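Listed below are the structures to be examined.
After this come two complexes, each holding subunit A, first together with subunit B and then together with subunit C.
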Partner chain A sequence: MSEQDEKPKKNSRRKFLQELGIVGIGSVLGGSAILAGINYDKKKTAGQRVRVLTAENELLEIEKSDTTKVAKTTYENLTYLQKQGRDGLAGKRFVMVIDLSKCRNARKCMAACQNAHHLRPEQHHINVLKMEETENTPAFYMPKPCQHCDNPPCVAVCPVDATFKRPDGIVLIDNERCIGCRFCIAACPYSARVFNWSEPLNAQADKDLTYNVELNVPQRKGTISKCLFSADRLREGKLPYCVGACPNGVYYFGDENEDAVTNGTTKETVRFKKLLEDNGGYTLMPELGTHPRVYYLPAKGKEYPFQDKDKPEALEHLHG
Partner chain B sequence: MLRKNIKLKVVFTVLLTALFYLQSAAQQGWDVPADKKVKNSYIKFDAASAKEGEAIYTKNCLSCHGNPTKDNSMKSLKPVPPDLSGAKTQQLTDGELFYILNTGRGLMPSFSNVLSESDRWKTIAYMRSFNSSYVQVLSKTDPTKSKLVKINMDYDSLKSVVRVHVTAAEKNGVVVLKNAEVTLFAARYFGRLQVDKTMRTDNNGMATFGFNKTLPGDKQGYVNMIVKVNDDNYGEIESQSKLKIGVPTDKPSLTEKRAIWNVLAKAPIWLIVLYTTGVLVFGAFLLFILYSLFRIKKSGKN
Partner chain C sequence: MLGQSTTDKITSDLLRPIRLTKGFMAWMGFLGVSLVVCLGAYVIQLKDGLVVTGLGDYVSWGMYISNFVFFVATSLIGMLISAVLGLSGAKWASPLARIAEIIALAFAAVAGLVIVSDMGHPERLLNVFIHGRIQSPILWDVTVVTIYVLISALFLYIPLIPDLKICHDKLDKLPPFARNIYKVLSLNWTGSHEQEKIVKQLTRAIAIFIIPVALAIHTVTSWLFASTSRVGWDSTIFGPYFVTGAFVSGSAAVIIAMYFYRKNYKLEDYITLSHFDKMGKLLVLVSLVYLYFNLNEYMVPAYKMKKFDAIHIQSLFAGTHALMFWSIQIFGLVLPIILLVFNKMRKPLPMLIIASFVLVGAWFKRYIIVVPTQEHPFLPIQNVPLNFKVYSPTLIETLVTIAPFILVLLIITILSKVIPIVSIHETIEELEQKNK
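Let's look at the complex of A and B:
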């Protein structure tokens, strides 16, 4: 019994020492692990958490280190651009005011526009026309972009919903949907639309670009192109390409809801309704009931005379 | 008699010369107010600022004034824009050049909204770089002092005025800014809409602007107001605050109404009714034909 009693004692001491060793090493290891964990947590500051919007429109907050960047496919990019292009800018109603008394036919607006939208020299989203309306009235220069009508005949005739009006008033064309039937060209009373009869200007250079419905780039053969009020620039709070390029203060652009328009040259902002009221603003062909969003101020007190070399073209309009 | 004649001639000549001089002065003079004439730049005109100015010049001035010293300005304009390295321009003070840039005249636009104050001075720095005999007089404005300025803004709906109070927290207590130039703007999507005229603060550091309550604000009527203060000692200071002074504006989107050009869900009711009835009637007619054929076949069997 005594031997038996001793054995377990011996065993228990060895066991005790063994266990002590295990526990000791274990606790050192465990402690250092916890310490490392605490240090790791300390390193993570609040700034390293990011908010992500999932495809299901859920806003989540996760560790930045847990995220991996996934490149969007061309198709996803295109869908995104098309959706944003249709949605427009909430709460806005864009308007343009063109002061004919200031236009000196510098054609800087046309150059900036064609450059931005990769147009051929004969294709115009905006065109400065030489006008003489009757034999006894003076000739003048008249820039003419798309009128972005509130009752657009072009949109009504489109059989495939390619051209559409946005909540902010802009009429756009989606070249991915356009079938090239040209009904809209026939319907537009302002001749604002152009057709890509041949390969577009920068076809080769643009072929890898994702189509942006707010820029109409890349242009596509066999489809329509038109003035977009530079919808891509408006999204950034910038004035349209033509408006910013004018050296003579012809264009005002703004938001009707804010009752303010900003001059593209002087960047001076004035009240929209007062500008029209003080200067006798009007729209083109109001009798058609198209309700344009482009307003004109008459060519009263021109600071620059109509050039003789432009007379024949003006008379062409007059005599047809 | 002869003497009298000479006298008359002299008087006549003097008169004519004076008239001529006056007329040319009216054509050329810019009528710069005395206090603007002596304004100086707080930016040092050196090679670096001139280089920055050159970029601004190329973008904003070159198309009319041409390259300095090259005499290639746009000659078709009236009056012909002068070569800015020329003696006529260079004899003007910095303050005069700054005023001309700010106000513009005739065909020359104002640049006060296009370029910031520092950019305007840099443009002048570039113009001065063509004048070897020019010696700059720097403004005494200490740009670091602008941080001391505090601008308060409130709206008095009874009198429909916006009051702007400008003070500076100096070491020895708060001082009011007297006779400082104050401009009030309402922020708009593409720019700043000036409210009333540019004012000067009174002896209490207060400037009062008339504000008629017709300006559209956001849905609740808030308008983001911007105050720009320009003081000889403290420089240019800007402050923004949201005031509930606009007309609450919440216009529906332009695609809200049912119209023939709108999307399918927003088509006019009459169109939907007409189209649906048409399809149903046509479908029913087809069914009727099929039913009749079936009956003919059945009677044939019998």
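Let's look at the complex of A and C:
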């Protein structure tokens, strides 16, 4: 601009001063605008406060501008997941109710469960059994997850506290600690536990995943696995994998403290105690004193008949 | 006092086996090669996981656990012969004390390894100490087995001190370093009255202490099963049932060891026909007690035939395990009792054969206790492959099961080549007392 000013040499000094003045003012205005803009941006960030949870479990509120993102190492993640997995969900007492009159052996629960937990086809966290208690009594289909006993024999015998009972009622396994002695399999009267005899199904694909004790994935060779009541889903406020997958309304899941259970198929929420009261709810083998958290409603007035082809397998157990 | 010639003869007789012979080298070579093969099988198991065994989610304890129970059981004999018979003044048993202790130490020490072979993550063994839960019977087992191994080692070592001095003095053909080891281990033994007294008192104290510990190791081992609610394991008499069974297999092991030591080391003057005769009677006694416990363990549930008991009993008495069950009871218990009542059966060779049957029967008895129960859980076994329903051990599993036996034979053989297996000091002492 100043070059232009100098070209017409005959310009008066006054005009030059005039133009200089305009440029000067313009520059000042523009500069201050930019400065103001920067300041505005700064103020906006500074005003934003965030809450952070310290490693000591202390909740603090600080300026967001003062925070820096820290890349978590796998180890830190693992420790965090294991601690969270042992603490459980405060204030909850999870229960499951299985309505045997609705089960028709669709096995969607088994498939959803095996898929979620990366299990082999013969590994069952939940297994739909063909049952017949005695001669002449009716045969029925019985989904059998871990009973999440309040007096769990498996937890009692574990030598290393690898399997443990959480305050919210769930029995979990830490496969980073399990020594693979299988005493828990021997102790469980419900045959609810499985072992990884060989490399797990998705060993290759899962090898970079951080172990989540609430999902028990990645599965690990030489350690135990079993039903976890889908503790990872419960943390997100969702129903367990099997419960959500059932097409027949067999499963109710909920919180004993709230006295409310929700049907996985109809999404209807009912009173837990009343559901048991009205339908003659019971637990498996109460005589063993294990106090299961899984309740059954009897197979009375079955909506789907027991298939004749399944009869021999149901009777097999009766005669050994 | 005995004549110098008698003492010299005893010393040289009992020290004679302590030298390297061709037979010994060949035997060690055979054991060594076999051990390498078996360890190879274990390496495969470590690499591929327990899938190389016949185990599954239902029968998840098989030969390894049976083996563990068998090894702990057999080790109890040290306590019976050295401690119980020793304390009760049964002098005849004292020449057998060291053999019994060697067997006790070898079987107990190897039992610890057997249990490791069953673990899915043996490298996490330390977790048992880092994260150990005192509520778990496994913790009790680890604790008492460790204590028993240590006490058994002391029980072998303390009475051995005078003999170690003799070894140092008399085995002058050995290289100096070997003689020095004897010297160091003999703790400046001079044979003074005071030293004699210390050894006697210590031996007695250990003998007393080892009795409750030995009872504890096998009682706790039985509780690994009895602490569950499974049919066939849920029994209140499992502790004494296991302990009495242990004396049967241990006595048989001692008889077999006596036979071979006597024959191979020419110890006919020290392990005499009278010893076989008395061991035969002892085996009858402990077998009768064990038979009584068997009667209780099987006949009481068999009388009632409760739903799940019935399935279990049926499989043992007339089902898939009947052949094994009745063979054990007849050839491993009833027939040996009947035969050993006769004088002419309590001779070395017949007793070797009978004791072998008893010992093999004792091993399979552990299998019968461990395996069939798991084939009959409370809820049906469904939606799993056939090999989960019926347990059949694999070759690799069998090799890994054989390995501990080779280890025990190695320990027993090597110990008998470095220490006199009949106490020289006590033999001389007892002869002196008799002559007085």
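The criterion applied here is as follows: the second predicted complex is superposed on the first by the 258 of 320 C-alpha atoms of A that agree within 3 Å, B and C clash if a C-alpha of one lies under 4 Å from a C-alpha of the other, contacts with A are read in each partner's own complex, and residues count from 1 in each chain.
Here, a residue touches a chain if its C-beta (ideal position, glycine included) is under 8 Å from a C-beta of that chain, and two chains touch if they have at least 3 such contacts.
Note that this is a predicted model, so its numbers are computed, not measured.
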| said: Clash or fit: subunit B against subunit C, after overlaying the two structures on subunit A? | reply: fit
| request: Check whether A:Val194 is in contact with subunit B, with subunit C, with both or with neither, and answer first, second, both or neither. | output: second
| task | For A:Cys181, select first, second, both or neither according to whether it touches subunit B, subunit C, the two together, or no partner. | result | second
| Which holds for A:Lys144: it touches subunit B only (first), subunit C only (second), both, or neither? | second
| message | Contacts for A:Val23 in the overlay, against subunit B (first) and subunit C (second): which applies, first, second, both or neither? | response | neither
| said: Is A:Met131 touching anything from subunit B or subunit C once the two structures are fitted on A? First, second, both or neither. | reply: second
| query | In the superposed arrangement, which partner chain does A:Gly237 touch: subunit B (first), subunit C (second), both, or neither? | reply | first
| said: Looking at A:Ala314, would you say it contacts subunit B, subunit C, both, or neither? Reply first, second, both or neither. | reply: second
| task | Check the residue A:Asp168 against both partner chains and state whether it touches subunit B (first), subunit C (second), both, or neither. | result | first
| query | After the two structures are laid over each other on chain A, how near do the C-alpha atoms of subunit B and subunit C get, in Å? | reply | 6
| request: Go through subunit A and flag every residue that touches subunit B in one model and subunit C in the other. | output: 153, 156, 161
| request: Could you please specify the touching residues of subunit C with respect to subunit A in the complex? | output: 48-51, 53, 55-58, 60-61, 118-122, 124-125, 127-128, 130-133, 135-139, 142, 224-225, 227-230, 310-312, 314-315, 319, 374, 376-385, 388
| request: Under the touch definition given earlier, write down the residues of subunit A that touch subunit B in their complex. | output: 88, 90-93, 150-153, 155-156, 161, 164-169, 237-239, 247-249, 253-255, 257-262, 265-271, 303
| note | Per the touch rule above, subunit B residues touching subunit A in the complex are 63-64, 104, 106-107, 109-111, 113-114, 186, 188-194, 214-216, 249-251, 253-256, 259-263
| query | Which part of subunit A faces subunit C closely enough to touch in the complex? | reply | 110, 122-124, 127-131, 144, 153, 156-162, 177-183, 185-187, 189-191, 193-199, 221-223, 284-285, 288, 313-314, 316-317, 319-320
